[in-house]
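Dropping the structure in here first, questions after.
For reference, chains read A, B, C and D in written order, and residue numbers begin at 1 within each chain.
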Amino acid sequence: MSMPTPLTGVVPPVCTPLTPDREVDVPSLLRLVDHLVQGGVHGLFVLGSTSEAAYLTDRQRRLVVESVTGHVAGRLPVLAGVIDMTTPRVLDHVRAVTEAGADAVVATAPFYARTHPAEIARHYRLIAAASPVPVVAYDLPSSVHTKLPADVVLDLAAEGTLAGLKDSSGDLAGFREVVVGARTRPDVEDFSVLTGSELIVDAALEVGADGAVPGLANVDPHGYVRLDRLCRSGDLASARAEQERLCGLFGMVTVGDPGRMGGSSSALGAFKAALHLRGVIDCPATAEPQVPLSAAEVERVGKFLAGAGLL
Amino acid sequence: MSMPTPLTGVVPPVCTPLTPDREVDVPSLLRLVDHLVQGGVHGLFVLGSTSEAAYLTDRQRRLVVESVTGHVAGRLPVLAGVIDMTTPRVLDHVRAVTEAGADAVVATAPFYARTHPAEIARHYRLIAAASPVPVVAYDLPSSVHTKLPADVVLDLAAEGTLAGLKDSSGDLAGFREVVVGARTRPDVEDFSVLTGSELIVDAALEVGADGAVPGLANVDPHGYVRLDRLCRSGDLASARAEQERLCGLFGMVTVGDPGRMGGSSSALGAFKAALHLRGVIDCPATAEPQVPLSAAEVERVGKFLAGAGLL
Amino acid sequence: MSMPTPLTGVVPPVCTPLTPDREVDVPSLLRLVDHLVQGGVHGLFVLGSTSEAAYLTDRQRRLVVESVTGHVAGRLPVLAGVIDMTTPRVLDHVRAVTEAGADAVVATAPFYARTHPAEIARHYRLIAAASPVPVVAYDLPSSVHTKLPADVVLDLAAEGTLAGLKDSSGDLAGFREVVVGARTRPDVEDFSVLTGSELIVDAALEVGADGAVPGLANVDPHGYVRLDRLCRSGDLASARAEQERLCGLFGMVTVGDPGRMGGSSSALGAFKAALHLRGVIDCPATAEPQVPLSAAEVERVGKFLAGAGLL
Amino acid sequence: MSMPTPLTGVVPPVCTPLTPDREVDVPSLLRLVDHLVQGGVHGLFVLGSTSEAAYLTDRQRRLVVESVTGHVAGRLPVLAGVIDMTTPRVLDHVRAVTEAGADAVVATAPFYARTHPAEIARHYRLIAAASPVPVVAYDLPSSVHTKLPADVVLDLAAEGTLAGLKDSSGDLAGFREVVVGARTRPDVEDFSVLTGSELIVDAALEVGADGAVPGLANVDPHGYVRLDRLCRSGDLASARAEQERLCGLFGMVTVGDPGRMGGSSSALGAFKAALHLRGVIDCPATAEPQVPLSAAEVERVGKFLAGAGLL
């Protein structure tokens, strides 16, 4: 299928279940996809940061995309991350994921290499020229160490280079600048603005976002779908209550001891532990060199699930 | 050949000449290698940041290593960067570059992914366990956004995980902590400490560095080899004069208009323009999405060469 | 008067008009206060960042507080910033502004000095112990280079050290954590949570903020008061439209040429130029070493005013 | 006396001893000055970062300068920090410290306020215009969050605005750019370049620094004076050994538990504990809100002193 215009609703960045020896666990991945589809999500984003794309080999990445697109079989759009340092390397991923059936590619600005707004624009133009499917920009300053400037994004939208933005910057004011620009600039059409900030999805929709890409939706897709519906129906009090329930659940990302592991080990470890506890995936392992959660830390994940009514 | 213990002297990070359509220009690359070898360098570091490794596809990376190791044929050690985001992806590069003949691999801490000292240690241990050749840590906080802690490096040296450090942090005090620790800790043996700070090679050698990995040595290998020799002979006044001449030459990295391009486009563009002007390589193109220098900017590179007596 | 519990509504950080020779222009300051009071604001915050507190001498700071509290005469609460590097220096400001009649003090975490959550807590406890009026924490990471952790803020609220938070971090997810904690933690009572993010006041109120401290309210107090009223009445479509009009007006902060001046010169210069163009203050001068706007840049400020229906 | 041209040798940033109730302990301060003078230092820098200037009230700052200049009575130059956020506030300090007898003032770029190179230049020009004594720029990016650009410093030196630079950035390459520029630019005369990096004083002198401002010289002035002499005599092997002994001693700055306090509490706490253990000052208290060292941490400071032969 092609990416809807605009892309709306809940589009979870799909976790990548691994086996104990860190291979892609395809059966668990497909069960997770079923869990999300049954939860009512509106699209899937594979090979994002929450998918541990940064930790997957090229072979594993391809396997993920092929497995998911084959299983989904056009029932809903599958976006695929093409996360790499610079244009030539990203182009290789564009080729791989589109051959594997992705309906859109999601690309960050260059990283590791020092960059510049002019180079970011050049980067996206080259990607769009080479990609058979729409290109979505991925703004994730905590990983990329550059913030995508709103005017660069809007200019690239206007010229048809970008079809959308996934904004995980946490900066709602900057996000709003893109949302409002996309709605009011006469030269911008059919541009999808999605938030990656799972704790303020209600606020993002309120300022005009088209949809959300919440990592926590792996654990509780029904909650985010309900939240999306409540926001759209204008029942903001209920929406706020649902969002706050999800914020409480999100507390699980801090279970890992910061003296023993980094934030990624803790957060992705918690998501996978929760999926394992909920019976969706077979093994909670995260990719190397992330540090596994201890048994006590996993137990605390369980308490978060229980507290949110998910166990 | 195997990596010497310790690795000393000048080990340039070799630029990767490209054709106008951004393919690896192997004949130019081999001429550049000859230019460096004739300049008297003591080793070669391919696929480093100055080599635009972040911009090269896996196919191009492999071609670079194979071409250089084949051409050098054991006359001097060839270190190869395995720059990627996390352990599983780095391991794929380790396999590729060692099959292509690299004598050592050079790896950064994880990047893009959030990380932690415990995860950095785990990362290097997994790399060392998988690598048939020595592992050198690459400290480049401006790209990696993490500084390798001196105690982590020394502990990994002591346990035999790391064979050396290439420090491009610019932090000479932290560098000295590793140098002194490597010399005085009884549990650390045969650890090579190299500086990547081309403007203070004299000072780094003075505090006890084994060698240097200066990007500018592509342009003037004779200068850095002379500097290395002067430092080792104790003729510090002449060493300082030579280093200051090289600092003047390094000014070329600022020729690019910062309104039009980033620091990488300017610096790598200048190095390649200089190599082109000196007749070493056929084409000064840098990889996408870097912005090319203008004719006027290239002319200013020529003036830096002339000022340093190289044209 | 004492600070209301909670403090709600619009509490502008009051600009400090200066004479051409950079003395506090008291008549203009009082006219600005009248302009704000007539606009319907619910409190005044003097000596904040928008007030150029960082640029005012101690004598000037005292003059500002005395002038405003004397003029306001208890009609609405006057909060005063006590912005300085560390506890002993802040305590001197607490003494000065409370002697001058401030109803609450607003203090950042320590800056310039390296700090730590335990030291931040100690800092606020010492301030609260010495202050005869309530203490509001001021979270401004772009200036202070530390983010106030939500749990530290809530613990200090619970123990009665802090009476409120002014959050100018731009991080709505973190802001929400304080808002929700203040509402749900049984040990926290009467804590006021205010946003300083003038571009997302509607969203902040929607997640539960008590009020807002928008710098742009100097220029258009009626607009922010209207926005506050619309949000509280539940007319979110109109609220969003009003907020977007204000976002458009806020564009004035970028009129200054970034090659010639910093962001503060541009933003504060624009606010003061707007107040001058609107006839509220006599002179648009900003404090040294800020760079004045050019005539052309001031003209662009006028266009923003016209575009928002304010001229 | 007036500041020598250039200022050379060891110029310690003098710690400010406090009483248990955090008042300036003048007798201890004067004993510390005697300890430094007897150690052979070449000047004194009061109200620097190591002096806890950021923590001292204006009254305390004035007392420090008056006490030290009165006691020194022209035997060696006394530089005084004028650390504050912006020009108007710094000018108040300039007035205070020069009335109190300072021979030069040491000023950072603006901080807290966002700034720009043009504003930094304007800042120093206004300070120089108002100061009856020479102005030294203080580059401390870890506190100020701006790096002084080498070309701005050199241009201000050329026009006579700046008489010197104290560089605590840790960036020896940037430091060298100023050193070489000061020596080779025909328009720059009598400019003093001092390093604040106590772990690489030998290297800084080797690249051409005029002198050093090492915080650790409070604890071991004889060591730094010896190091300075060895470097100047060309006995680099002995210089390196002395510097490495001092680096070992510097390890004391890490005694504080990072879970309980920040880096400043630990480092300044260790310096003061060392001065107390050596019998120079009466009380090791640091200013609020710094966290005191525990008895066990003080004991570790003692071990560092013993290890360096100072107890």
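The rule is short, and it goes like this: a contact is a pair of C-beta atoms (placed from the backbone, for glycine too) under 8 Å apart; a residue touches a chain by one contact, two chains touch by 3 or more.
Values in this document were obtained by computation on a predicted structure and should not be read as measured data.
S.K.: Shared touching chains for chain B and chain C?
M.R.: For chain B paired with chain C, the chains in contact with each are A, D, in label order.
S.K.: Measuring centre to centre, with centres taken as mean CA positions, what chain is farthest from chain B?
M.R.: C
S.K.: Specify, for the interface formed by the sequence copies chain A and chain C, whether it is same or different in terms of residue numbers shared by both sides, with half as the dividing line.
M.R.: same
S.K.: Go ahead and note the Å separation of the Cα centroids belonging to chain B and chain D.
M.R.: Here the centre of chain D sits 35 Å away from the centre of chain B.
S.K.: Roughly how many whole angstrom separate the Cα centroids of chain A and chain D?
M.R.: 49
S.K.: Find every residue in chain A that makes contact with two or more other chains and list them.
M.R.: none
S.K.: Going by the touch rule stated at the top, which chains touch which?
M.R.: A-B, A-C, B-D, C-D
S.K.: In their shared complex, at which residues does chain D touch chain C?
M.R.: That would be residues 22, 49, 54-58, 60, 83, 85-89, 91-92, 110-116, 118-120, 122-123, 126, 142-145, 258, 260-265, 287-291 of chain D.
S.K.: Help me check something: in the complex, which residues belonging to chain A touch chain C?
M.R.: Touch residues, chain A against chain C: 170-173, 176-177, 180, 197, 199-200, 202-203, 206-208, 236, 240, 244, 247.
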